Amino acid sequence: MFKDLFKIFTMKLKVGILGATGYTGAELTRLLVRHPRVEIIWLTSEKFSGKKISEVFPHFRNFLDLDYTSVTKLSSLEYVDLSFSCLPHGKSMFFVNKLLDRGIRVIDFSADFRFVDHETYERLYRVRHPYRELLREAVYGLPEIHRSEIKGARIIANPGCFSTSVIFGLAPLVSKGLIKEGSINVDSKAGLAGAGRAPTLELHFSESNETAQAFGVNGHDQKPEMEQELSSLNGGPINIVFVPHRIPVNRGILTTIYSRLEDHLTHEEIRGIYHAFYEKEFFVRLYVKGKYPSLKNVRFTNFCDIGLGFQEDVLISVVALDNLGKGAAGQAVQNMNIMFDFPEVEGLRYTGAYP
Amino acid sequence: MFKDLFKIFTMKLKVGILGATGYTGAELTRLLVRHPRVEIIWLTSEKFSGKKISEVFPHFRNFLDLDYTSVTKLSSLEYVDLSFSCLPHGKSMFFVNKLLDRGIRVIDFSADFRFVDHETYERLYRVRHPYRELLREAVYGLPEIHRSEIKGARIIANPGCFSTSVIFGLAPLVSKGLIKEGSINVDSKAGLAGAGRAPTLELHFSESNETAQAFGVNGHDQKPEMEQELSSLNGGPINIVFVPHRIPVNRGILTTIYSRLEDHLTHEEIRGIYHAFYEKEFFVRLYVKGKYPSLKNVRFTNFCDIGLGFQEDVLISVVALDNLGKGAAGQAVQNMNIMFDFPEVEGLRYTGAYP
Amino acid sequence: MFKDLFKIFTMKLKVGILGATGYTGAELTRLLVRHPRVEIIWLTSEKFSGKKISEVFPHFRNFLDLDYTSVTKLSSLEYVDLSFSCLPHGKSMFFVNKLLDRGIRVIDFSADFRFVDHETYERLYRVRHPYRELLREAVYGLPEIHRSEIKGARIIANPGCFSTSVIFGLAPLVSKGLIKEGSINVDSKAGLAGAGRAPTLELHFSESNETAQAFGVNGHDQKPEMEQELSSLNGGPINIVFVPHRIPVNRGILTTIYSRLEDHLTHEEIRGIYHAFYEKEFFVRLYVKGKYPSLKNVRFTNFCDIGLGFQEDVLISVVALDNLGKGAAGQAVQNMNIMFDFPEVEGLRYTGAYP
Amino acid sequence: MFKDLFKIFTMKLKVGILGATGYTGAELTRLLVRHPRVEIIWLTSEKFSGKKISEVFPHFRNFLDLDYTSVTKLSSLEYVDLSFSCLPHGKSMFFVNKLLDRGIRVIDFSADFRFVDHETYERLYRVRHPYRELLREAVYGLPEIHRSEIKGARIIANPGCFSTSVIFGLAPLVSKGLIKEGSINVDSKAGLAGAGRAPTLELHFSESNETAQAFGVNGHDQKPEMEQELSSLNGGPINIVFVPHRIPVNRGILTTIYSRLEDHLTHEEIRGIYHAFYEKEFFVRLYVKGKYPSLKNVRFTNFCDIGLGFQEDVLISVVALDNLGKGAAGQAVQNMNIMFDFPEVEGLRYTGAYP
């Protein structure tokens, strides 16, 4: 109790956000304005630089009174304890490097620090990665799996939204080497806010409403990320087939994973393995037999809900999370809580936004 | 500061909810599980009696572990400081009466205690109202207008969702007698959760998606409620024309009000009157000239956003709120906060659920 | 019968479309590929010039095999009997003028020829109108009202979508001088395809889904158009208050009109006047007492559905049509049918796209 | 030409529909009222028996003026050339049998005649199948595969919507024995109208909007149907894993099929096999390399669009169709056209309902 009382009186953590006017930046801002231990010091935006936050996002009125500033002024911005970067891939790393130089710890939403080896990154994004040491230093920010490394990290590579869903859906078995290599097919259905706030024909309302479509069929950027993490858990190579789809909802990812097991395990043994893996995790909810997650129970939360089913010898893991929540900003806040020794659920105890 | 510290140590307020598995009951539960000064003691439901809350609403898992009980067992339920009733019109009053008999204060979501005179109620609902004294005693729970009476009330008649939007859109002028009687046309567009959780053909997904429809054209139940409150504010009769419409969103009401003024006032004078009326209210946000509210900025909140426009001598007030939030459960929590001397915004400081 | 048989053997009408890759152009193409008496000869598009139609719009595969061409090549395009122009306001008139010079009749979707006097146009669009004689010559293409003038017209100004809904909702009474001037408030709810195919933040899926918003509150472009036509029908000035709203559906306009009558007429007399006005019109469906139109019954059609209600002495006309159908492309095809002496319903006998 | 002229003068085909007020019945009615060679003689409905069609479905006003009658009066209904049955599984077969007794040919939408052996049916639906000879006689109504048998059939078992999408996505390879048994995972995303018109909590707007969910994870009714047909095409057993999902659109199924090939074939060879299989089929559209179908291009049509992709040695077939169109009523009309020697595309040449 005294410790808690003490915390009430302590200073708040000062944070900044680079690229705060995309959807992940806006969601992060939304979470942080309600976080009791955090004070937002600055927010950058190139498009809305100089504008008040409530002018760009009226829902922040009565919550935060700041102007967006340009990232080009980064060096003159006030020192903060932590900066989040929601800048795009290929651009983020330069600013992350600058922040680290000033002694500011960073949680980076881009893919710039997600890969252990620079070759994968360079092949995917077709740019040279000049910060290879930082790549090696960065911690992949999946708290349920890398909690201890996150605590002391200077750079967190915040995982991709699809990757988070796939890794959570397979980790208990893969980490025991129980999934048959080459048997994994992953089918994700994603809400459109995950595709960003920049207007495009594909995301135009009348084009994307009342329809659904596969994309990235021949290879999505997050596939190597999933494979890297699953291979590392497995202690041997894991290759997956991954096809994401767009469905007309704002938020959420529903991922259905089809896989086969190496050995024969009963359904109950498999459930037991998942249960043991996640039983202490507040943000992972395992569904009982016959029940499967849906987006409505995880929207606007940091939860990852998992249901398991079987058809003959194929395991079907159904995973639901919010692509802006556990798939991005929520997970980043969870990482921050760990890094700064706050209760891990602080600022994240929200029920799904139902109905 | 000491007072606040004291409050941290005090007991939580014990509350119960009658009819907790409709949408307003579920929303109220959602708000209360996060309210720092409240403990939910019991929840009733006839349809789901005996079931665990997380079985009916998986989004409550990890938040609340209670079983629904039947309202028929009300007399044997634990004493609480406050009960909310989300029971339907005509049924609620009987249970409200029982609660009061046990010395339990009540916030009632139904229309059963909204009317000053029993005749209006009886004409509307075609049933006799046996609790005429309670009718006179009940306080109409619009905090921004009846704050002081709410504080000491035993029964709060929680206002209708449409009524709240219309009253807020007109109150500043009506209370000064500035609106020309007979000139008010109100057009509301409402999300479908406001129509309840019971499955009907009209609310079936494929029937209500990709369409819009007027309803209650020849007289909606909340029209007399609006007229009663506006007339009271005006000090003379106010009659309105009111047509609600269903639009395919889950939550939110957008109300557009067309009215004419008695006297000539400049646009700036009118804005000034609204500003003066609402300037101390956290939950009412007046938009600047040329800007109008939209549902996305008020979804899942207790805010009521208002924008003003003009065409010739007609004033156009555009009002947005969440029908389950400021239009129901949020407003009820605000009333509770006032009744029990909590900070009025406690448990209600949420930004709009964007995007 | 012989006349019909004869028509089967006759040549098809040759038509072209300027600006064929916006939503009205795409809808017009969709209607014309199924029209038994029409052959599309060319389609222009600046953005997609040189591309195959089925590459831009896969739904046209197996229906039409043409490449889009640039409007800059208009003079070298094959002669057609009729051209539609779906070019934007201010740009369309120049090309319409060129088409007329080549002896090609035109149906213009823009506002360029909708106003009788050039001053209104010039005030609204802030550009000079160089074709004042054509303005006077152009016929306002509301078939149910101007059928006889349409027949012989060289230029049809195809009406605005909102205007069509408002004029149909008021015409029977206004044309008898029965509506009290200054009493008309019009509230429209419109699907987003009516706002065009160019990607903007406002029409971005995650911005416009699950919300609703008023726009043009201080004066929409189609307001003078409605007033001009209603005043003409009335034989005296009609001023209206008009506020359109965006709702998250692809197609459709639901317009609710509030007005007061000059004289006392019974509800049945008013219904009788509407009935008499529309009884011979296939595309106008008057609803019986107590029933109101909804978008789902008019989507993808040329119908205009009307329901009437009353609150005290206020008449409430609820009108539903498809903004791309009766509000644009459907009405244009109806005008074409009249101009070329085809059965008026040819190519337009579609039921609503339900569910 | 003379043959065509002749047809213009011939009598129309007389048809009846059993169970005409569910979504498949309504869609079938919608297609038939516009079919030039068909006259609807009667429609049955238990729920709406005695009501006018336009009272139940206002979109049919001006198109068809019939009252629904009860199926209990079947024996006294006028003789027709063909009856469709949209009655539910387990109920339909009794009425189909009666129709056949009167010499009326039948297209049955239920699963009652889809299985070759009665055991599969009886295991799935847990009822005895008393019409085993009819089971053997019935033709599985996939025109692109069983065209010649359909022509002379007395009973057509109209295929399931999911089955149609899966069979079309695999038939070219399966019929050559090229797919590796045990490698097929099928993930379908379906619009909600496919789940029927009866109101349920799951299909209630606010429950099913802005979410997505797997269902039938442990075994869907249409899985044995797909397996039966694919095994028959393959000449050896084909077992699949099949998980359908609900997504918030009215219509459409997007099916993504993951499979491995027995032999090594190049991508171009695989495309060639699909091309050869479907090149004469109007209603199957194969997409070019890198393009994938979406629901918007097939909504309200009888098309089945297919795109092919690859990840390592896994073939990904993406299939889109309308569950009420090619997945039900459209396919039934196509079957009728074949049975009665009409042009196969008659009454079905609709582009997708875009946007």
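For clarity, chains are labelled A, B, C and D in written order, and residue numbers in each chain start from 1.
Here is the rule we go by: contacts are C-beta pairs under 8 Å (C-beta built on N, C-alpha and C of every residue); 3 or more make two chains touch, one makes a residue touch a chain.
Small disclaimer: the values here were computed from a predicted structure and weren't measured.
**Student:** Quick check for the class: compute each chain's Cα centroid; which one is farthest from the centroid of chain A?
**Tutor:** C
**Student:** Across the interfaces A-B and B-C, which one involves more C-beta pairs in contact?
**Tutor:** The greater number of contacts lies at B-C.
**Student:** When the C-alpha atoms of chain A and chain B are each averaged to a single point, how far apart are the two points in Å?
**Tutor:** 36
**Student:** From the C-alpha centre of chain A to that of chain C, how far is it in Å?
**Tutor:** The computed centroid separation for chain A versus chain C comes out at 47 Å.
**Student:** What's the distance between the Cα centroids of chain B and chain C, rounded to whole Å?
**Tutor:** Centres of chain B and chain C (C-alpha means) sit 40 Å apart.
**Student:** Could you check chain B for residues that touch two or more other chains and list them?
**Tutor:** Chain B, residues with two or more chain partners: 23, 193, 197, 206-207, 210, 248-251, 293-294, 296, 355.
**Student:** Which of the residues in chain A end up touching chain D in this complex?
**Tutor:** On the chain A side, the touching residues are 185, 187, 189, 206-207, 210-215, 217-219, 239, 241-243, 245, 247-252, 254, 256, 258, 290, 292-296, 299, 307, 309-312, 314, 316, 318, 355.
**Student:** Quick one: which bits of chain A touch chain B in the complex? Just the residue numbers, please.
**Tutor:** Where chain A meets chain B, its residues are 5, 23, 26, 30, 33-34, 57-63, 193, 197, 210, 250-251, 282, 285, 287, 291, 293-294, 296-298, 300-301, 303, 305, 349-355.
**Student:** In their complex, what parts of chain B are in touch with chain D?
**Tutor:** Touch list, chain B to chain D: 23, 191-193, 197, 199-201, 203-210, 248-250.
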